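The letters A, B, C and D name the chains in turn, as written, and every chain counts its residues from 1.
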Amino acid sequence: MDKVKKEYKSDKLHALLWGVFSVGGFIAAFLLPVLIYIDNIAYPLGLWPVANSSLIKIVFMVSLLSTIFVFITIGGSLFHGIFRFKTTLPELGLKRASSLISAVGYIIIAVGLIALAYYLFQLYHGFDPSLFHRII
Amino acid sequence: MPAIEAGFARGIKGPIVESLSHDILIIGGGGAGLRAAIAAAEHNPKLDIAIASKTYPMRSHTVSAEGGMAAATREYDSLDKHAFDTIKGSDFLADQDAVEYFVSECPREAVLLEHWGCPFSRDPDGRISVRAFGGMSVKRTLFAGDKIGFHMLHTLFQTTLKHENIHRYDEWFATSILVEDGHASGVTAINMRTGEMSSILAKAVVLSTGGCGRIYKFTTNGWIKTGDGMALAYRAGVPLKDMEMVQFHPTLLPNTGILMTEAARGEGGYLINKDGERFLKRYLPGKMELGPRDIISRSEMTEIKEGRGFEGPYGSYVLLDIRHLGEDVINKKLSFLKELAEKYAGVDPVHEPIPVRPGQHYIMGGVNTDKTGYTGIPGLYGAGEMACVSINGANRLGSNSLTECLVFGAAAGKAAAEYAMRQSMPHLGNPLQGVAMEEETRVYDQVLKHEGGERISSIRSEMQSTMDESVGIYRDENGLSQATRKIAELKDRMRNASVEDRDHVFNTELISALELDFMLDVAETIAYSALYRRESRGAHTRTDYTNRDDAQFLKHSMAYRDHGRPRIQYSPVTITRWQPEARVY
Amino acid sequence: MTKDSGVETATLKVFRYRPEVQTEPFVQEYKVPYRQDMVVLDALNYIKDHIDGTLSYRWSCRMGICGSCGANVDGEPKLTCASFLHEFKGKEIKIEPLANFPVIKDLIVNIEDFMEKLDHIKPWIIRKEETPLEKGEYRQTPEELEAYKQFSMCINCMLCYAACPIYGMNEEFLGPAATALAYRYIADTRDQDHEARFPMVHDKEGVWECTLVGECSVVCPKGVDPMLAIQKTKILGATQILKPPRRGK
Amino acid sequence: MIRELTSFFISIYAIIYIYQLSLLASGDFSSYDLFVRNPATIGFSIIALFFTLYHAVTWFSLMGRIQVVKLGPKKTATPLQAIAINLLLLLIIAYAIVYLFILR
């Protein structure tokens, strides 16, 4: 009858990670579809809204707003996708490997975010605007 | 393959392996027992309190109560009205001082339960909602959908977890009360998980084991309701009071005996016969479906006897029709009833009436106690359906039983706490050790290892059929004396019964045998009390004595155990302000 | 179901474990007369009464409210009192103890782990100030009741734990029912210290372990939807870190 | 399993997009052009779009249950209504982005 009571402590880090994951879920739901459509479907296939345009029209244009938009959308989606994929692995009976997979997942997220920030920064500062005026 | 539990295969370690002790020991973890534990813990946080129960507390049968709990909480209501309704409902067999105490404590207990978190249904202004109930003159039944018992039990159980000084013995089965120098000093109990018997000593023992519905075949009661506490107290020398007063609820599903809550009628449901008429107009013109349970059950039987019932594979039945209440009310207030009717009767009550017939539901009688739960044996208290204070007399009004568990559970817990604070802890020396060892011999040598050959299930089944047939809604001299003879025969045959399962670990068959042994004693007191009460009062209906006879029987039957058999005596009914009158609704 | 000498019968293949008789579990087959309206529990009771008194299982109310009689029926956690034989028509029925719990005997499992977790989450109303009983009940509107009512419907039957693969791998995981009950009190307007339960539910092995499998909510016989409670609790945890730390205590 | 697949496609798409950005950032626009016009890239992107929309629907249905959508002081949306409202919101946001970054 003498119970050893378990010590409980709020796990703030996990709460934060889950919070980012959750916000990432909204980002992936609301913002990602339109980004995929414009940059990787409409642009290469010449569909609306980039059809009949004399200019290259992709979402990324050199403005602070579009830079932030791409960072949030791709960063959030990447975090959400990897985090969710990683958490579903234990279901598949991969519990034992999951801490390794977790580590790999977080590394991918970290490297991805750094690369994303790096390229966006590079583009924002050193981009040749004439590219956007190339006639299709 | 599921993982198996290693380390449980220990078996018994030999004579009375351990002696455990607590200030207060509560046997039974249902509504009354949990309330008693909290009352004692709050009365003195230094007291060491234990609840021993043969099931986990949240499995106790309080969980099945559906309709609600009565308390005069509204401005249009009064304690006197509640008291009079209860006394009239009891056919004037209730002790009126006890009823007055009961109704005065009900509102307080209801508020306490609410403060502890019970999710009561609410009015738009935030007050606890009330509904009408059978035999109650005004709306005073507080409810939580149609699962008040479930919510009450879980609220109480979870509230006991708050108290560090309440310990639990889950799945321990008490086999006898240890009495030393006329004082209750604890119990012998089997730890079902290991099969070991221990004595649990205590300065005070509270019995709250619930009713004994499983004596009957067709009952709303769960498997665990085998009258253990009644038999324990009876064997320890406490009389069982008014045991002939067995309540038959009017609306059970014909096949399973699953209860269709009285709240269905409280909310405005109809009872319908084969001719499509609300037949209660012939029996209860003033109250119709809001009449007391005994009269409605008899009315249904009369309808069936006179050919106005329906015939089904499980006997005759009538219909409970709630279609006119509308889907919204049914979903909000009777959702459990809907779920049960759909699942177990294949009937959607929104669109079809539900087949119902009367069956055993509750026992008004029980261990004789006073208002504080005291049984007359120092240190021994009782509360809940198991006890008979009595507030229910010859017929309990629906929704009084849950508040009864709270009011008298609290009273017993407090009285036990006060008593325990004055006492010193008993020791397991002589003669207690000897008594405990005798009990161990009885359980393990005479019941567990006995080679007899007769199945306990066949004895149980015959007992249940006898009770259903001869000690049911209608009774007569012939049937009752046959029943007493049959039970005596079954008790003889019980000595020749054997269990197939000889394991110690979780031997449910051994527990069933011990329960059956208890039930036979309790059944015998019911049959004898019914045999000698030669009148009709409340739920006790004699076809050979059809009238109430206040001159001879305005008194309580008291069944004492005398050489293993009941000896019936009578004790007076306390009348304070309400003189017996004809019971007309 | 098969016709056996004119009588329809159901075949139950029951997991047996009798630690005092045999150290290893085994499977025993029973044939039970079949009726359309029989539940699995009726079949078990028939076996116990007429065929084999040693078969051990828990049950009581047989109306789906006491929570005793859970078992894995054909691999799915179910209340045996609420699973009809006809649902399995045409085949044998495999009855096993609830998964993820240690077996004590036959279909009886040890649920002490849950009982401790229930104790730990403080499943009672915590008040900073008590109101005297004379002032009556705490007012709570039907809408406020609705916010937690569903989560107060848990009968502790343990089906959700038996269905949860995460609990199967890590018994330290707080699990579905305990979290649902914690949330039930967190969401109750009468409770005045919701955060008292945050360390338990937001523990490393609290809600964060849940990967949204959702089986708990599928098997729940009372519509509690523990997965939903876990998600709501996660949101509380994530928004909690944005708030300033609590003072005192 | 579809949930794992949606998250898989979403993360792979994000990684590919970062690669595309790197091509742009290198200043060699033709390599970017060549990459996004590759039928394999387009094919993958169509699948990714499909799974992202699927993710949106399941996410809205889950979130609709966790955070109840209110239609008025007394009226709460049914789960289906909540999904519909969110999908409508998705279309509005998508058009706003198209307008902001492309049409303007």
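As a working rule, a contact is a pair of C-beta atoms (placed from the backbone, for glycine too) under 8 Å apart; a residue touches a chain by one contact, two chains touch by 3 or more.
The structure presented is a predicted model; accordingly, all values stated were derived computationally and were not measured.
Undergrad: Need the central chain here, defined by C-alpha centroid distance to the all-chain C-alpha centroid.
TA: The chain sitting closest to the overall C-alpha centre is C.
Undergrad: Going by the touch criterion at the top, tell me which pair is linked by more C-beta contacts: A-D or A-C.
TA: A-D
Undergrad: Measuring centre to centre with CA averages, how many angstrom lie between chain A and chain D?
TA: Computed value for the inter-centroid distance: 11 Å.
Undergrad: Can you compute the centre-to-centre distance for chain C and chain D, using the mean CA position of each chain? Integer Å is fine.
TA: 37
Undergrad: With chain centres taken as the means of their Cα atoms, state the distance from chain B to chain D in Å.
TA: Centre-to-centre distance between chain B and chain D: 61 Å.
Undergrad: Scan chain C for residues touching two or more other chains and write them down.
TA: In chain C, 119, 212, 235 touch at least two other chains.
Undergrad: Among all residues of chain D, which ones touch two or more of the remaining chains?
TA: 3
Undergrad: Residue numbers in chain A touching 2 or more other chains?
TA: Chain A, residues with two or more chain partners: 88.
Undergrad: Can you list every touching chain pair?
TA: A-C, A-D, B-C, C-D
Undergrad: Write out the stretch or stretches of chain A touching chain D in their complex.
TA: Touch residues, chain A against chain D: 25-26, 28-41, 43-45, 49-50, 57, 59-61, 65-66, 69-70, 74-75, 77-78, 80-82, 84-85, 88, 108, 112, 115-116, 119-120, 122-123, 126-128, 131, 134.
Undergrad: State the interface residues of chain C toward chain B in the complex, per the touch definition above.
TA: Checking each residue of chain C against chain B gives 15, 17-21, 23, 25, 37, 48-50, 52-54, 56-68, 72, 82, 96-99, 101-106, 108-111, 115, 118-119, 122-125, 127, 130-131, 133, 136-142, 144-145, 148-149, 152-156, 181, 185, 188, 190-191.
Undergrad: Where on chain A is chain C touching in the complex?
TA: On the chain A side, the touching residues are 3, 5-6, 8-12, 14-16, 18-19, 22, 87-88, 90-91, 93, 95.
Undergrad: In the complex formed with chain C, which residues of chain D make contact?
TA: Chain D residues touching chain C: 3, 62, 65-67.
Undergrad: Using the touch rule from the top, collect the residues of chain D that touch chain A in their complex.
TA: 3-4, 7-15, 17-18, 20-22, 24-25, 27, 29, 36-37, 41-42, 45-46, 48-49, 52-53, 55-56, 59-60, 63, 86, 89-90, 93-94, 97-98, 100-103
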